[in-house]
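Below you'll find a set of structures to go through.
Okay, so chain A shows up in both of these, paired with chain B first and chain C after.
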Partner chain A sequence: MPVLFYIASVVAIISTLMVITRYQPIHALLYLVVSFLAMAMIFLSLGAPFVAILEIILYAGAIIVLLIFVVMMLNLGKDTALQERQWLQPKTWVGPSILCLVLLTELVILLFRSPEVPMQVKPVPMRAVSIALYKEYVIAVELAGFLLMAGIVGAAHISKHRKKHLHRFLQEEAKGPQRRAEKLTMIREKESTEAVLPAEKKPVKKT
Partner chain B sequence: MPFNSQTVLIVAAILFALGLVGVLTRKNIIFILISVEIMLNAAGLAFVAAGMRWGQPDGQIMFLFVLAMAAAEVSVGLALVLQAHHQYRSLDIDQMKALKDEVPG
Partner chain C sequence: MTVLQHVLIVLGVLFVLLNIAAGLIWVERRMLAMWQERLGPNRAGPFGILIVLADTLKLFFKEDWIPPFADKWIFITAPAIVVASVLMGFVIIPFTPTIIVADLNVGLLFFLAMSSLGVYSIVLGGWASNNKYSLLGALRGASQMIAYEVFMGLSLMGVVMMTGSFKLSDIVMAQKNMWFIVTQPLGAIIFFIAGIAETHRLPFDIPEAESELIAGYHAEYSGMKFGMFFIGEYLGITLISAMMATMFFGGYLGPAFLPPWAWFFLKTFAFILFFILLRASLPRPRYDQLMETGWKVLLPLVLLNILVTGAVLLWLKG
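Let's turn to the complex of A and B:
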């Protein structure tokens, strides 16, 4: 079991490192799937099979499918990768990474100062988990249901297409160039009807 | 080679730090959402490890709540990403710095 844990954690760390350094969104998502599967393996080696299955079904299944759906819907391909390559210059990521590394070393030092306790790999049965879930934590389960309901309603409300409502001053300001463009096209059409022959050769650009 | 509870917590800390680096360095909203997912997952790993260290099911139950929260968060977040892409034609987080009705400049 410990060997499984070490292998799975190395895989998880490497694939997560790949996730945050990829340029193409879809490659990052595929590495994220690998990271979640490795995390499920860690849970299995810790003796939590129920959580491992949920990790695969919900994270590697549902959430990844949602993200891939959005990436495909927005058509994030080579252009996005090029943009990311321009954004991810070393001067952008070196500073935050060093600061995070300092925080991580502090955390690791703090963890090593606590007394060493060997993990017991005796799995907690699913029966105990479900009994505790519906006995002691039943209110929290209902609150999680409320949260999911609010999430559904919020997502449906936010993703609705709305007309952009501007303040009336800004509305006139925004309408100004549009009216000018309409006038220009009207004038051009008039000219094209008056001068028949040259206008037929040159198609009028309509904005 | 037996492993103790510190090892699991260190793995969780490393994954959390990687997610934090992703949130801080990326400019694309989708990558930021992915990094937030990584951080939530690492926190769940810490919960499960703490629960297994005492042989109690509470850690796994907390992981279930983290999972439900992550699902709700990612659905709302992706709806926001769609709205942002509809309005700004880009996923650059730097372009979304104006308040309502304010002309960005």
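Let's turn to the complex of A and C:
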């Protein structure tokens, strides 16, 4: 249904514009989620339900959550929003946007000149997608796998603990064995001196 | 099916689900009390069942407070996201052969997509509250739910391989001779564990952990906004129980002396009770223990399950 396609497209375009213009990073990321949901809707209306659902699971459900996760930890408050506001002055964006508008009008003119092709919705079943992935494009899939593996190994290497940082209470505990050893030597020295002293007092010894 | 029938089914499912979620308040408190040898709420109405009404009234009449330091709009939308995403998950569940809102070809994936969107309520609720404990709860919730989503999806893939379809009505019909719990026990167990983590119920309720984080991500919420988180949690339990019944225990199939909806209801209710029993009996693991078990034990097990299932299927094919 073309109506659904056009509605989803309009939502996608508006939300993507909002992503660029928000001052608060979390708000921008939320508009990005909406944009991905609209993209999923576009795929669905074009007859590719598998890609649509993957778009939601991977992009909206996992990747953006990770981005929000990072932004949350950066603790970007009102100061960042103010800074963004200062950076996003009209004089910085008016020039590029006018040039982009020129390109956009050219694109629209070209699109309208090209012979009319009715939008065809040809549903692609999931089985066909999987067979294509694992038959014709198997090398691409495996290369993507290699890349992801390299990413995982790299992340594991970077996040490896070289030095163990302990809380100060736990440090005392960790030092425990060492301290115990020190104490033991002290006690032994004391015992040896004490053992010597009584020996002087009492010269009688068992042999 | 006419449009009117469809609308009636949607409204009926919504009505029953919301009532079940509200009724679970009473069920959970009574059952917890029974297992801990107490009485539980038994004053209002017969067997104390009117506690549901009293609780709801209390939530409605509480002051609906938005902290001045909070991000107002995100603070308001966060509780709505959890309820909406869980209710969307119920769309693909076949309650009986005829009562199903939408029997999608990508049904199972749709369920996974909706449950992955549920993370946003915790993350945004915790962040918008602008409070240390809430933020810690949100961080924990986000990492826990992202990690356990992976196993949740993978643990169901064995069933999908055996059925050859993501459609839930096909999956139910494939269990006519034998339930998938017999052939996929590992998948079922891991799905259930992941389901508990996904709904962040006890023992995996570390995002809210009232003993250390003072309710975590919803510490700043009051009134009906807190109620939405509450209802969302019970709806989540119901959803995971219903999925468990559908995927591994034959859904609405059963001997003919009871109608299909009664079988579905009985199976789902058994799992809901199991959720409550777990809450009554198990202590909460530490955060790093939870994550380590997930990535180092459950993920390899689930991959092994897929490998063995695939090998056996190929072998049986000849």
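Just so it is clear, the second predicted complex is superposed on the first by the 152 of 207 C-alpha atoms of A that agree within 3 Å, B and C clash if a C-alpha of one lies under 4 Å from a C-alpha of the other, contacts with A are read in each partner's own complex, and residues count from 1 in each chain.
In this section, contacts are C-beta pairs under 8 Å (C-beta built on N, C-alpha and C of every residue); 3 or more make two chains touch, one makes a residue touch a chain.
For clarity, every value in this text was computed on a predicted model and none was experimentally measured.
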item	value
Superposed partners chain B and chain C on chain A - clash or fit	fit
Partner chain(s) touched by A:34 [first = chain B, second = chain C, both, neither]	neither
Contacts of A:5 with chain B and chain C, given as first, second, both or neither	first
Of chain C and chain B, partner touching more chain A residues	B
First (chain B), second (chain C), both or neither touched by A:92	first
First, second, both or neither for A:26, with chain B first and chain C second	second
Touching partner for A:68 - first (chain B), second (chain C), both, neither	second
First (chain B), second (chain C), both or neither touched by A:53	second
First, second, both or neither for A:14, with chain B first and chain C second	neither
Minimum C-alpha separation between chain B and chain C after superposing on chain A, in Å	14
Common ground on chain A, meaning residues reached by chain C in one complex and by chain B in the other	50, 54, 62, 66, 73
Partner chain A, residues of chain B touching it in the complex	1-11, 13-15, 17-22, 24-28, 30-31, 33-35, 37-38, 41, 45, 48-49, 51-53, 55-61, 63-65, 67-76, 78-83, 85-87, 91-92, 101, 103
Complex contacts: residues of chain C adjacent to chain A	71, 74, 104-106, 109-110, 112-113, 116-117, 119-120, 123-124, 126-127, 135, 138-139, 142-143, 146, 149, 153, 166
Residues of chain A that touch chain C when the two form their complex	24, 26-27, 30, 33, 49-50, 53-54, 56-57, 60-62, 65-66, 68-69, 72-73, 125-126
Complex contacts: residues of chain A adjacent to chain B	2-3, 5-6, 9, 12-13, 16-17, 19-20, 25, 28-29, 32, 35-36, 39, 42-43, 46-48, 50-51, 54-55, 58-59, 62-63, 66-67, 70-71, 73-74, 76, 80, 83-84, 87-88, 92-93, 96-97, 100-101, 103-104, 107-108, 111-112, 114, 116-120, 122, 124, 128-129, 132-133, 137, 140, 144, 147-148, 150-152, 154-156, 158-159, 161, 164, 166-167, 170
